[in-house]
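Right after this note come the structures.
Heads up, the next two complexes both have chain A, just with different partners, chain B and then chain C.
Presenting the complex of A and B:
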């Protein structure tokens, strides 16, 4: 990593773009999910589109986690230690799963190899398949458009892929690359303190997108955190069907909006609490 | 957005992106990188040597392969070559070579450096025959100790074993056999079979010739250490040495680079090489460390070196990379004062007393056969040097406890009583001794001023609650 940053020609730039795009990717997927949720776009016939998208979010978080673990900094080491402990606390399969993830009983060079394989092999394959499915479903069902109650029904608008759509995509691509280059130049990613298995740093935090899990873990304890986060992930993926159940229970009220608001506020609250303290 | 507007936006964004790439290129251009090591170059002559010695002596082959010489096509043969019939040469695998690589060999490429070195005291380090140290080593101690002791720093005169007919004894392939009392030897003032003086390997080591190694204080510390010239220890206790140790630990000490100019290429700490040999912003580097030395600190009585003002200016120039002129002036005043104190209070009076004793016929011409000769030798050769060298390099403990304190103790408690004993019945010798001890700086021996005694008692009473009488 030091060689990439300091020795390889333009290595710092490529690394900066990689690092900043990982942050932007997580943020973009989360914001997209929130938009889709609150516009009810996950509802029939787009249940599978949502489920595949929710799985994409989990895979993207997996990318983030394995990515920063590969730096083998203090944050990497102790982050992987916490993740290993969380995995170990999963009922029944936890210890086996943790061993599989770590490549042994504790965090070691084997863990780095496992994470590397996850980061460059397994997760990209999963993302490719899930995104393929997601886009296929989007093509199949079309993009949902949110219409306000008092808004007139829009007639279906179409425009050619070339050059209209392609130009839009190229424009977004160039804008993002420009933004990422600026971020890489102004805030280049550095190298943290090298992983030290003997000395746990006094104050350590994961990347911002895991703040909420970290704070939740601190407040609730290992076992409860594992079960509750597992349940939350399941509910996230299965929400279209949960929503259908809820609308049967309460046909007049859109309970999903309320639950969604509570969830988003809880996430924001936990993230802010961790960020500030 | 219309298609036209979209095109304009994309074009503008593309220009912005291209501009951002200029910033990337600018940052990239400012990055300092280690230059990748170029490949090894082997001449036809050296190729065979390297291939075989890679198996037979893999350590030195690998060290050479890692060296700068290896990048420049300076291989085994280029340094070890010999002319047919040369006294230490022999024909090995079809080529004439010699075991010992001398400054003459190095000078084929580094002529200016060889010339500088030849002017230095280092080059003459092997010519110690006639010194008191040589009497001690060769006669008082014994030759075996001298061979592995004195001569591994000063340098031996390399000799060859002789066969019964008095010719150089030769082994396989006619390889000349060395007199093992004189070889192996890496002393800096070695007298080589080709008549040249010195050993570049003394500081640069052999085969890797890493300049970073010779710039480290440990290189000089092989010889400049111990009770009679503890420069390595003095450096360690000095602020310079502390800064070096910390800089090395923190990875701040840069020892690489062609010029290695203090204050420009590195600034964390100076090493021995910095002050005595390496380049400054206005001076080139030198292989004569004496060029910046303004006092001789080794003899009984210190003297200024020849052309000492110019030499001091050169050293002041080194100091000026980090220190102001006022600071440098003040240091030199403190240092000069210590040397003068030693000279005037102990060395010159002691020398006078020794001369008077010799004149009175109470000392034989043989050195070290009277106790006072050992006492005097310890005083100037060990303790007196420590006092002066400690002051020159800002090592407080070596200036005082290991230096001035021991000089004082040796002078008053051993040298003077022994001289007084030897001078019994020799009024002229005793007169010199009494004249010395009657001078104001030694007057304290006749009794301390009552005021000073009271100060002493008061100090211990207050500090420790104890009475000192």
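Presenting the complex of A and C:
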């Protein structure tokens, strides 16, 4: 990592773009999920589109975690230690899963190899398949458009792939590369303290997108934290079907909006609480 | 009497079955061994210090084989050895002299000098720092550690 950053020609730039795009990717997927949720775009016939998108969010978080674990800094080492022990606390399959993840009983060079394989092989394949399915479903069902009650129904708008769509995409790509280059130049990625398996640093925090789990783990017992986070992930993926059940229970009120609002505020609250110390 | 053709066919299938079982079985056995390597536990007796260097009220830090840190204390003649690994999620705790407590920086677990959790997630789960058996032989203090090899 040091060689990539300091010796390879433009290595610092590639690393900076990689690091900053990972942050923007997580933020973009979270914001997209929130937009889709609050506009009700996950409802029939787009349930599977939502489920595949929610799985993409989990895979993207997996990318983030395995990515920063590969640096083998203090944060990487202790983050991986916590994640391994958290996995071990999963009922029934936990110990086997943790052993598979770590490549042994504790964090070692085997763990780095496994995280590398996850980061460059398994997760990209999963992302490719899930994103493929997601885009296919978007093509099949069309993009949901937000229509206000007093607004006349819009007629279907289409435009050619070439040059309209392609040029827009290229434009966004160039703008993003410029933005990422600016970020990589202004805030270049450094290298933290080297992993020390004997001493956890006095102040340790994961990346911002795991702040909520970090704070949750401080506030709750381990078993409850593991089960509640697992349940939250399950509800995230299965929300279209949960929503259908809720609308049957309460046909007049849209309970999903209220629950979604509470969930977003809770996530934001936990994240801010952790960020502020 | 089974016709010769049918016997040949049966033999061919049996041979094919054995060949498949042998090849894929070997592959599967290696895969299982790779995924679930054999674990053995080994007991080790490690010299920690002499009793003269650990009078009542004193404490010492020792690095055990494998890198684990062990804190030895002498509380009114009773020698204790505590692990510095937090039982919550495996981070290492720090001894805070001014507060007389162990503190885990990961999820803010707090432990009393005897290793019992008094605050944070480990206290909620009723956990404590692992205590290693200690034996005193003459003037020498030994730690008894179990390692996974």
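The rule is simple: the second predicted complex is superposed on the first by the 277 of 277 C-alpha atoms of A that agree within 3 Å, B and C clash if a C-alpha of one lies under 4 Å from a C-alpha of the other, contacts with A are read in each partner's own complex, and residues count from 1 in each chain.
Here is the rule we go by: a residue touches a chain if its C-beta (ideal position, glycine included) is under 8 Å from a C-beta of that chain, and two chains touch if they have at least 3 such contacts.
This structure is a prediction, so every number in the text was calculated from the model and none was measured.
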Problem set entry | Which superposed partner A:204 touches (first chain B, second chain C, both, neither) | second
Exercise. Is A:149 touching the first partner chain B, the second partner chain C, both, or neither of them?
Worked result: neither
Exercise. If you stack the two complexes on chain A, which partner ends up touching A:86: first (chain B), second (chain C), both, or neither?
Worked result: second
Exercise. Which partner does A:2 reach: the first (chain B), the second (chain C), both, or neither?
Worked result: neither
Exercise. First (chain B), second (chain C), both or neither: which does A:139 touch?
Worked result: neither
Exercise. Between chain B and chain C, which makes contact with more of the residues in chain A?
Worked result: C
Exercise. In the superposed arrangement, does A:178 touch chain B (first), chain C (second), both or neither?
Worked result: first
Exercise. Looking at the overlay, does A:167 come into contact with chain B only (first), chain C only (second), both, or neither?
Worked result: first
For this session: Can you check the complex and tell me which residues of chain B touch chain A?
Result: 3, 6-7, 9-10, 13-14, 16-17, 20-21, 23-24, 27-28, 31, 33-34
Exercise. Inside the complex, what are the residues of chain A that reach chain C?
Worked result: 78, 81-82, 84-86, 96, 99-100, 104-105, 197-204, 214, 217-218, 220-223, 225
Exercise. In the complex of these two chains, what residues of chain A are touching chain B?
Worked result: 6-7, 9-10, 12-13, 163-164, 167-168, 170-171, 174-175, 177-178, 181-182, 184-185
Exercise. What residues on chain C touch chain A, complex-wise?
Worked result: 35-37, 39, 63, 67-69, 88-94, 104-108, 120-121, 124-125, 148
